[in-house]
Amino acid sequence: MNTSIKGNWILILALTLFSAPLVIMYGFQLIDSVSRPAPGGIIPQEWELTNWRFLWEPIDSARPSIWRVTFNTFVFASTTALLVCAFSITAAYALSRLNFPARRFFLAGLIMLHAFPTITLIIAIFIVLQFLGLYDSLMGVILVKAALELPFGIWIMKGFYDSVPWEIEMAGVQDGASRFRVWWELILPQVKPGLSALLIFSFLAGWSEFILPLVLAPGADAQVLATYMNAVIADDTRPDYGLFKAIGMFYALPVIAIYLLFQKRLMNIYGGGTKG
Amino acid sequence: MQIKLQNFTKRFGDTTVIEDMSLSIASGEMIALLGPSGCGKSTTLFAISGIHRIDGGSLHFGDRDVTTLPPQDRPVGVVFQNYALYPHMSVAENIGFPLRVQKLNTAEIKRRVGEMAELVQIGNLLKRRPQQLSGGQQQRVALARALVRKPDVLLLDEPLANLDAKLRLEMRSEIRRLQRETGITAILVTHDQIEAMSMCDRIALMRDGQIEQISTPSEMYERPASHYVAGFLGNPPISFLKAEANGKLMLGAENSLPMPQGVDASGPITLGIRPEHFGPQHQGPTVTGRVSFIEPQGREDLIDVTLPDNQRLRAIVPAGHDFALGQDVNWQVDLSRTHLFNAEGNRL
Amino acid sequence: MNRQTLLGWSFLSPALMAVVMFFLLPVILTVVFAFTNMSTSTGILGGEYQISESDLRRLPAAGVSNESVEMLAGAGYAVRPETLALFASDFGDERADELDALHGGAVFDDRRAIERALKDLRRDPIRSVRDRKAAAEMFRISILGQRYPTEAAFADAIADIGVPDADRAALTEAAYTGWTFTTQNFELLWELPATWRYAMNSVVYVVLTLAFNVSFGLFLAFSTFYLPTRTAQTFRAIWFLPRILPPVLYVLMWQWLTWDQGFISTILRPFGIEPINWMRHTATHAWTFIVLINGCVGASLGMILFSSSLRAIPETQLYAAQVDGANRWQQVRFVLLPQMRWPILFITSYQTLSLLTSFEYILLATDGGPGRQTEVWALAAYHTALSNYGGNLEYGLGAAYALALVIIGILLSALYLRFFNFRELVAKPRIEQ
Amino acid sequence: MKQMTCALALLAATAATPVLAEDINITVWAGGSNDSDHYRIDNIKIAADILSREAAIRGEELNITVEGKRDFDGWDGFKQAVTLGAEAGNAPNIVVTSHLDIAPWASAGYIVPVEDYIDLDAWPLNNVYSNLMEIAAYDGMQWGVPQDAESRPFFFWKETMEKLGYSAADIDAMAARVQAGEYTLRDMLADAKKAVDMGLVEEGYGFYPRVSNGPDYAQFYQSFGGELMDPDTGKLVLDRTAMTEMYQFFVDAVEAGVTRKNHIGTDWDQWYSEVANGKAAFWHGGTWHYGRYTGKEGNEDFFGTIGFTLIPAGNEAGRANTVTHPLVYLVTDQEEDRAEEIAAQLVSIASEPRLNTLHAIASSHLAIGKAEAALDLYAGDRWASEATEVLLPHANAQPNHPSYGAFSEAMFKGLEAAWSGVQTPEEAVAEIEAQMSATLGDELIIR
């Protein structure tokens, strides 16, 4: 098979053309955050860091500090990820390996939930949260987000569990260990790649989440970067794309860092989980 | 430890895999469960280990009824086909795991792991991880792990299937040595007749969830209880001929053989002749046919002879003969070693 | 219960609890809400009982007799012996006497008037606002504008003012401020022309986006398959990023690309093309960009899945095809593509449902505009129930919109269950004890 | 409210015993507020300070903490947050919102009438314009207090008018002519077309309306004779002829090339910068735009460049008009009656002329009370004085009706459909008629 660049120049050209809009957007996302274009133009005129002023001074008297919002977002994303992982590794193991009544039913339910239109339930979810007294709190959004991510998480983890040889489990049982111990000591280490992929993935999902915090936690205490950024953009007195982009860069940095560090694992999740 | 499986029945959903099977194994004996895949031999093994529930019947280890005991509580060690070593643990940790579960102290675990490793001759590999070991070494670790907790019974599930031919020979005798040295009662599940015959005291040949015959390897080879057993054992396999018994055994119009002694039969029967009991070098009645296939094997050749009624007989002939394809031959059958089966397949 | 069952249940229970709380319960609630007229004005958590001024004119239509209506409409505050006695006990006989002298038998239409009277007492006016309010309440005889938390309290109140028995039931029903059960939402959905347009929009959106996702995902997978690893990786990264970038940021990039003074307008200006808002100029523009925005996110999923199933195809097949003289297109067409049936099917069905119910990117990009041209069903549900300019949140109608999606979701996923080899997925655990 | 009465009586009874330190947290949420509107919240903070001082003089210790929030995702997000918050029982104590929310929120029980806690006859509330107070009342009760006043004028670019042949005197007389109905929207359209044809403004910039839904469009409905609410029955009114003509007007504007077909959804920033610098001939906006034009957009000669009038009449049936859409302070229903009382008192104090003037001038809004005109800060501001004089006397407000939100939403949807050419005006009106009669039922009169 010919995989040299020379032999594939048409293909590369086509790909480059198709990718151009995205590349331009990424490029200017970066450039505009640290420069100022001429009025009505796009070519950067001056390099400057004033767009990043939001890091050390409030951009508007009504907005909470970016650091507080970032902290919230971090708490939101990481707690969500931990919850999703904790619930998924147990539930998926039960569905994959344990024999108990109604298992079939739960499996069918899982597949159904996997494709369920969750966001349409948001009104009713509000009621539930409200009964729990968790409306307008970070904890409430975390619970909801974690619950909505669960079917995906269980699905992925079940895929990984399914690929662990049964014999390991049998050997453990035969060696005298309880099923719990077998799971904890023998099986869990085998699904570590899946677990870390899920952890990263649900962290990213939490980091990006917009609608849930918007609707379920509108108060200042639970602002996250997504709602913060959207509010800054929506505020029609400040058409400052440079500022938007700087905030956007700030918001995206962890995502990009995670992508660069864990590329392989992220791709893993699609490979492992969605084979159907 | 004597094992007694009585009226064992196993169902998966609606399908009954094993019905009403009984098997008893003497203490210190090594027995093979032999049969083609799907015959229920692994199911039996897993039932004995406790991984599968027993749907009917009972299982005793010695006097103890273990029918409903979970696998954790049964004094059983298992070696799996793919060894099932814990990939994230070192060899020592693998072997030590069953002891750790028993909450033995570290020093004791270390001592016994060391002992066990010496026994299976992997004392120098204790720090390695399973993926750094060869197939044979992994096999030894698996054996060590199965034996370290001093079980009463050792179960081996196709233990040699994943090894190359040379290692297989080596491990065959190695496993037998270990079994003899520890005096443990062992059950070997295999589909390989050579393994079964060479390693075990007795063979239980299974077919469709039933034990077809249980006896020593030589007994089973010499006196197969059924058409099925005869056909399963022996390599190259036995040749079967359809014959009509009416005082003589009629093989088509041209050939006939005298009735072997002590057999009384009439009507259609099946005659089984192993290749080593047919050929130009034997004493006995002859059969005519034409050489239809020659397969040199080095020390000897396999030669197929097609009889006039189109049935085939295979012969093992020492190398250095000058038979050629298409040649008509008239060869002897060692009549006393032939096997006769009735229409139901049972030995006559 | 054996140990395995116990462990199974306890392992499942945290997830189960989350699912019950945030899927099952909401689904049930959605079904219930869809059959109510719940909105901002009715509140969500039940109502109270109140007859307000504007209710009066509706009452005759609700079957309340004019006599009762007049009774309800009667004056609000009266200085009568019984109200005066009440007043005297709290504020002293002296004040009561003076009030009686000044306004005995008088009737005040509104509270402001009686408060004035209390303020104007000569000898010892009630000085504190709070006391005055409390005192004024003592003279109240009307129930207009009063809220009663329970039906019983309201029944007592209307009995007190002498509403005839015959009218009480109708009056109570009319006075209830909370939501009631109705099938009106579905009638409304059926009748409103907009409903059909939203449904059509959804279909257009799903079909176009899916077509883009699958075909572009395939293109990316195939083209990167043939490229050297590093080049392929670069392109994959470019196309993977939209998937993990926060939607708010990702859509902002597109906004910047397309707005009047944005990238496209700026680079086209020298060619004499007037700057326009490329995303919102017309419905066609909006659709194009919505498909692109969602498509670039979706294509990466296709790309990854297709790439991994491509890698699973033994390379020898390609060598064989090359030996057979197949060019690259023929390799793709006759060797690779036929083996991609399964992942294509998976992506298609999986994304059909998620596209049908997703609206985040549309919300951020066009918010359904221009002129509701890109308002899809799920977004309409969101707008109706939770977010519109007037703050008129119609939970009941929104739930009816949502219910339609829930039903489609259940039907489709039940279909997928059959599709995706459920039997294999539920293969029985091999350790039985 | 019965319990409230009891609670009041109880409080009155215990008022004699000295109360030790009392700590009260008051949250204020202000919708649709930008940086320049910060006095909506700050005035409550100042009021809290005053109220604590008053309490201190009486010998009570009252500590009030005020927390404000105004960075919502538009009006949609704000109303969603308030509504859901009220349902969840953690609504802010005071909300600053459109007076249109009074009807539904009162009906749902989210808000309490301020009249339960404060004396409307006393200063400063007796100073507030009575028509504004009226706007904050519903169903015979005073629910809120106006927070600011504004009006939505029609603007034109003077230079363009001059080039179209209007003399300085003509331009000065525009406001009067519009008010008298002598200059109508149709005349404006003709002028706008001329301006486009003459190249004074670019195509699509002749008439440059608001880019999103807002009360402004109710004005055009009124210009064509539409009536929003029937005064006798209190029902909403859909006047098919007026609505069709209003839609037709915008369609004609598009066809004449003076307004862009895809105008709705134009970026607000772009819009502001264009109208403030003469890129458009005619447009309409709000009195608060003055601050933006002269501030951020850098128009240093507002009065020299921009003229303003009422929204002209559209035809014979209609009249020149303007809508004032005051925001109001509303007090929400809380578990603690004391919190409601304090909140109402803070609202009252925040309506002091001096405090309100701070907001009015800082954010280019208009006064809520007569006395403000006498304050130096207010009187010294030319825009505030002139706009008050020209516009406020003619201003009416949209009706407080529980279903007005649905009405207004439907009206705009129809306009958008006609404007963008998806439907003809007749079709659009037919559709909104179907929609309104389905959703409003008895509460709608169709003419």
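Labels A, B, C and D are assigned to the chains in the order they are written; within every chain, residues are numbered from 1.
In the analysis below, contacts are C-beta pairs under 8 Å (C-beta built on N, C-alpha and C of every residue); 3 or more make two chains touch, one makes a residue touch a chain.
All values reported here derive from a predicted model rather than from experimental measurement.
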item: Set of chains adjacent to chain B and to chain C; value: A
item: Two chains sharing the most C-beta contacts; value: A-C
item: Most widely separated chain from chain B, with each centre as the mean of CA atoms; value: D
item: Distance between the centres, which are taken as Cα means, of chain C and chain A, whole angstrom; value: 23
item: Distance from chain D to chain B - Cα centre to Cα centre, in angstrom; value: 93
item: Chain centre separation (chain A, chain D; CA means) in Å; value: 40
item: Whole-Å gap between the CA centroids of chain C and chain D; value: 26
item: Residues of chain D touching at least two other chains; value: 74, 77, 80, 87, 267, 270
item: Multi-chain contact residues (two or more partners), chain B; value: 50-51, 70-71
item: Chain C: positions in contact with at least two other chains; value: 3, 44, 261, 386, 428, 430-432
item: Those chain pairs that satisfy the touch definition; value: A-B, A-C, A-D, B-C, C-D
item: Contact set on chain B toward chain A in their complex; value: 46, 49-51, 70-73, 76-78, 80-88, 97-98, 101-102, 145-146, 149
item: Contact set on chain D toward chain A in their complex; value: 33-36, 38, 41, 68-74, 77, 80-81, 84-85, 87-90, 267-270, 292, 296
item: Chain C-facing residues of chain B, complex; value: 12-13, 50-53, 70-71
item: Residue numbers on chain D that touch chain C, as the complex places them; value: 1-2, 5, 8-9, 11-12, 15, 74-80, 82-83, 87, 97-98, 100-101, 103-105, 107-110, 113, 115-122, 139-141, 212-214, 233-234, 261-262, 264-267, 270, 341, 402-406, 408-409, 412-413, 416-417, 419-420, 422, 431, 434-435, 438-439, 442
item: Residue numbers on chain A that touch chain D, as the complex places them; value: 60-63, 126, 129-130, 135-136, 214-215, 218-220, 227, 230-231, 234-239
